[in-house]
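Note that the chains take the letters A, B, C and D in the order they are written out, and that residue 1 is the start of every chain.
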Amino acid sequence: MTAIFDVRNLKKTFGGLVVTNDVSLSMAPGDRVALIGPNGAGKTTFVNLVTGNILPNAGSVMLCGEDVTRLGPTQRVRRGLVRSFQVTRLFPEMTPEEHVALAILQREGRSGRMFASHRAMPDVMQEGHALLSRLGIAHLARHRVSEIAYGQQRLLELALALALKPKVLLLDEPAAGVPQSDTARIEQAIADLPSDLAVLMIEHDMDLVFRFAKRVVVLAAGEIIFDGSPDAVTKDARVRQAYLGSYADARSVA
Amino acid sequence: MQTVFSIGVDAFAYGMVLFVISIGLSVTMGLMRVVNLAHGAFAMIGGYIASYAARDLGLAYAVAVMLAIAGTILIAIPVERLLYRRIYGQSELTQVLMTIGITFCIIGIANYVFGPTLKTIPAPDALRQPISLGFRTVSAHRLFVIACGTAVALGLWYFIERTAFGVKMRAAVDNAAMAAALGVRTEVVYAVSFAVAVGLAAFGGVVGAELLPIEPYYALRYMVTFLVVVSVGGAGSIPGALAACLLLGAIDTTGRYLMPEFGEFFFYLAVIAIVWLFPRGLAGRAE
Amino acid sequence: MKKLAIAALAAALLGGVAHADIIKVGVVGPFSGPFALQGKNFKAGIDAYMALNGNSVGGDTIEIIYRDVPTADPAQSKALSQELVVKEGVQYLAGFYFTPDAMAATPLLEQANVPMVVMNAATSAIVTKSPYVVRTSFTTWQTSTPIAKVAFDGGTKKVISVVSDYGPGVDAEAAFKTGFEAAGGEIVEAIRIPLQTNDFSPIMQRIKDSGAEGVFAFLPSGPTTLGFVKAFNENGLKEGGIKFFAPGDLTQESDLPALGEAALGLTTTFHYAVSHDSAENKKFVEAAAKAIGNPAELSFPAVGAYDGMHVIYKMIDATGGEQDAAKAVDAVKGLAWESPRGPVTIDAESRHITQNIYLREVARADDGTYYNKEIQTFENQGDPGLAVVK
Amino acid sequence: MLSGSDTLSVTGDRRARLTRDAIGVLVILALGIAGYFLFPNNLALLTRITAIALLVLSLDLVTGYCGVATLGHAALFGAGAYGAAIAAAHFGIADPIAMLAVGIIAGSIAGLVSGVVVLRAHGLPQLVLSIAIIHLAHEAANKASGWTGGSDGLAGIMPDAVFGLWQFDLWGRTAYVFGIVLLIVVFVLLRQIVRSPFGMLCRGIRQDPVRIRAMGGSVHGTLVRMYIISGAVAGAGGALNAISTQVVGLDSLSFTLSAEAMVMLVLGGTGSLYGALIGTLAFLWFEDVVSAANPFHWLTIVGALLIAVVLFAPKGLYGSLASYFEHRGRKNP
């Protein structure tokens, strides 16, 4: 299968510090890849490089065969590269209905319309409602986001990403901060993601990683030290060293 | 060449005056995160007290300055407790509304108590002499203000960066909850910081009165100038404020010398250019 | 008998209507904000006049209604004037410290049948905007022209002009330039500085570098004037023998305590000094000082207001209290009287005040206060600025 | 409250919305008519309030809906006022509708320019950019006295009768009706805009611009567009001011007016068109009453009012009222 998302030899330095070194990662439609790595491994920088918030010193990012390395974040989103945030970034004064409507309209290039509210657009309302129903938060459609529980906000975060109909989806710790009781729903939602979508999930929770991923990529000190099956990852010596080493370091610091 | 030196001296002196008057605002806006439009009002109160002490009571200049600082802080304490405390951490717009309200009230009261005329603060004879620099003369008062500015800059820098209180203050601003958990009494920190800011305002109002004379409308007349220099410098940064004052002072002075007709254009175009290049101010930190 | 009684009653009633009216005068001025002092002077002048001349004319009681326009704001001035006319029913509009404020209200006059008595605004053109405008103050041209002659005759041939960049400043510059060049002098440079100027040192340097023997200046009163005069001294221009010329706005009495020693010896020309030596003025100063509270705050807008009230009283007298703007204005054309500032006449054609302009010098009185000492009189000066307007 | 309404009826929604808007328009209209008959002698003031209300509405669009802090919004208003006035005084365009159109265009252009500049920074530096703009605009108008009349103001604006039928009169009746109609039209258009996808996008930007970018939305472009719309509204206000007072002064391009507009907006409550209207009405009415009662010391009383509002109605008059009723509504459903 051809790669829909292809990162080649990405390199980023801050001052003299190399934070991303020669990272390559390729994904095909339908891939379920988990990106893991100890703290400070450069995951955040990698996400920012991929989404276009910062520009690399070398290397390229290809999306559907197009070189998007020099494009800004919004351009990449419009080409189908969508991310979710590790800490929910929603509009506290707006309702879930408005969130998804905005995303749908944005996707269709209709967000600049100045007359007629989204509620007068049956197609948008139906699609939005279907999406909220799929994630089980339709009953909250008209509550302010500031009034709904965090677990449900995480679901909405997911809904927002889906409303953009991405080709490649970056999930940044989708279950972070969610109470135990709600994680099942989020996991279910992730399991139900469209099968042709390429999903890259950054996650700490190894249980979730094993249930979700068909492939695991390990980032340590800015380099990819492992790229293979979930079964193999725990047996890999470098991975063990990276993790245990860093744990040992962490303990000595504390 | 002589003209260049001459402009340089004027620019430096003007920049330092701006610095002495505005730096208190940098403390409230940068360290306490309060858009304090009433800064000029406190400077004005200081000026009135000094004028009353020196001119009507005939006290010595130094005594008048001390009285002005102490008196202004004294007046500011209830204002802080009753009003400012309500707007810490509120939105900028709310702070603008409250502090403009306070400014209006102070203007009205000053107008009622002191009348609408200009008030001067008689300086000692030593400060009233023109002093010759060889190629030109400057008033001794300007040199005095330059010295005051330098002293304030160093003192404040030491206070914020080097003393235990400065550490607490920065901690309280960065994360009030965390600071409180560590045993910092944030309301005390805020009250002291506010007193420092008001004291600086009063001091600036008094020593800057030669250039910005005291009258009831003082509080609004120079509000924009204070706001601009502090923001251009990057609120909360002393070196930033100093740099902004000297830079804007230089641009203003040069512009007024070379093309006085377009003085205002120079100043504000420079402001736009600086903010365009440094959208967070000269010494702005990432937010 | 009964008929007679009714007639008497009717006469009494009618008479009552005709002779016990309240005539309202609307006064627009800056009563708060940066120019509150000038508005305060308006009120002092009006109060003084009413204290000395009673508050009624021919049985009609005069009532003053004040409206505040803190800074030049023509839209607000027009709205308030309109409100004074249609809501309060004023028969006379008066006051107007700023030219744009007066200009904005002139279109109302004819339709409203209301005369306007300008008590300060000093741009020549105002009186041409409506036949119902009468001015009892001065124009910048009127007060700035004589100083040009004084300067030239005093031996200063090269002058630099420095004015604030706004209407009155531009007027002053033009008036001085016209007068000075006509006399044979040379304006080496004419600088207009922004209204918001805090530091005048660069300007002083510029004056020094220009090689002029004297400086002509016009700036708004208050902090700007203070800053300019102080800088003039501190930068050694006074010591350096550079002469200082200005119309009297710069050394108005309310600024003198603050200017203090720095102002000593400054020469200005103006239509009024609080120190003017006449019985009429003594009476006025006494009453106005009482009205304003602090005598040190008294300055020229008070006399404009005082004489403005005189004109309004004459108008009321002439119309018998009826609202008739044309008749009222006609009645004061050519009116001459002894004002606190000296003999004055309302010019029949321009409806602007013809008056003496005095050359004065700031001097120190025995009690240590400063005052404008009149040293020369230019008699019966009209407004040279009107020729330029036309 | 709409909680638990799983079924979304599009037509029902629309009807509810239209009803709410109709009520809003009717309230303005009723107030307008009441003003006309109850205060027939204050129409000049009421027209001025209407013109300033347009400025405050316009400010609300960028500050309340987009979160842009500006103390230079009078630049847009002044552009409209001078645009209309110059068209009338120098080019003989005296038809009020045409003057209005010129004002709207001039305001939009000013909106574009100041939008591009102001949006360069955030927070305090942004405030300072806006202050710089208003001072530059003020100075420029002062310098170009040949066109603007400089500090003397631009007089000699003689608008024709509206549609050739209604002359502008001394009592300001025509100007008032003209203003109220303009306000209602603008209000209806703005209601549409703030509820449209575009308005939603703007509100999103105010709450979290990063999220908008992550949705592929253009923050800068959207804000500039809103600034242009805001300029059109402020320009209409400026033109109304020029038409009704027939004189334009430098005050219409002043920092003072900008700051006052901000005070009125915050007083009423940001982020709501009603808040902007209520803030303007409350502030100017209060100012008029107090300054007529005591022309010498009214500023103190206005100051006290502002302090009281922050202490007792921190969300502004309308905002606090709305949340009070929302609160009550929730307590007693």
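Annotations for the structure displayed:
The rule is simple: contacts are C-beta pairs under 8 Å (C-beta built on N, C-alpha and C of every residue); 3 or more make two chains touch, one makes a residue touch a chain.
By chain, with names taken from UniProt: A = Branched-chain amino acid transport system ATP-binding protein; B = Branched-chain amino acid transport system permease protein; C = Branched-chain amino acid transport system substrate-binding protein.
Predicted model, so just to flag it, every value in this text is computed and none were measured.
The chain with its CA mean position farthest from that of chain B is A.
Averaged Cα coordinates give chain B a centre that lies 36 Å from the centre of chain C.
Here the CA centre of chain A is 42 Å from the CA centre of chain D.
We define each chain's centre as the mean of its Cα atoms; on that basis chain A and chain C are separated by 74 Å. Centre to centre, using the average C-alpha position, chain B and chain D are separated by 33 Å.
Along chain A, no residue makes contact with two or more other chains. Listed for chain B are residues 108, 111, 261, 264, each touching two or more other chains. Multi-chain contact residues of chain C, defined as those touching 2 or more other chains: 32-33, 36, 40, 165, 194. Every pair of chains in contact is given here: A-D, B-C, B-D, C-D. Taken in their complex, chain A has these residues touching chain D: 51, 73-74, 77-78, 82-83, 85, 89-94, 97-98, 101-103, 105-107, 110-120, 122, 125, 129, 138-139, 141-143, 160, 164. Contact residues on chain C toward chain B in their complex (touch as defined above): 32-34, 36-37, 40, 165, 191-194, 196-199, 201-203, 205-206, 209, 222-223, 226-227, 230, 234-236, 239, 254-255, 257-258, 260, 293-294, 296-297. Looking at the complex, you find that chain D touches chain C at residues 40-45, 47-48, 139, 142-143, 145, 149-153, 155, 169-172, 241, 245-252, 256, 291-292, 295-299.
Of all residues in chain B, only 29, 35, 83, 86-87, 90, 92-94, 96-98, 100-109, 111-112, 224, 227-228, 230-232, 235, 261-262, 264-265, 268-269, 271-272, 275-276, 278-281, 284, 287 touch chain D in the complex they form. Of all the residues in chain B, the ones that touch chain C in their complex are 3, 6-7, 10, 13-14, 17, 108, 111, 115-120, 130, 136-139, 141-142, 210-213, 215-218, 220-222, 225, 252-254, 256-257, 260-261, 263-264.
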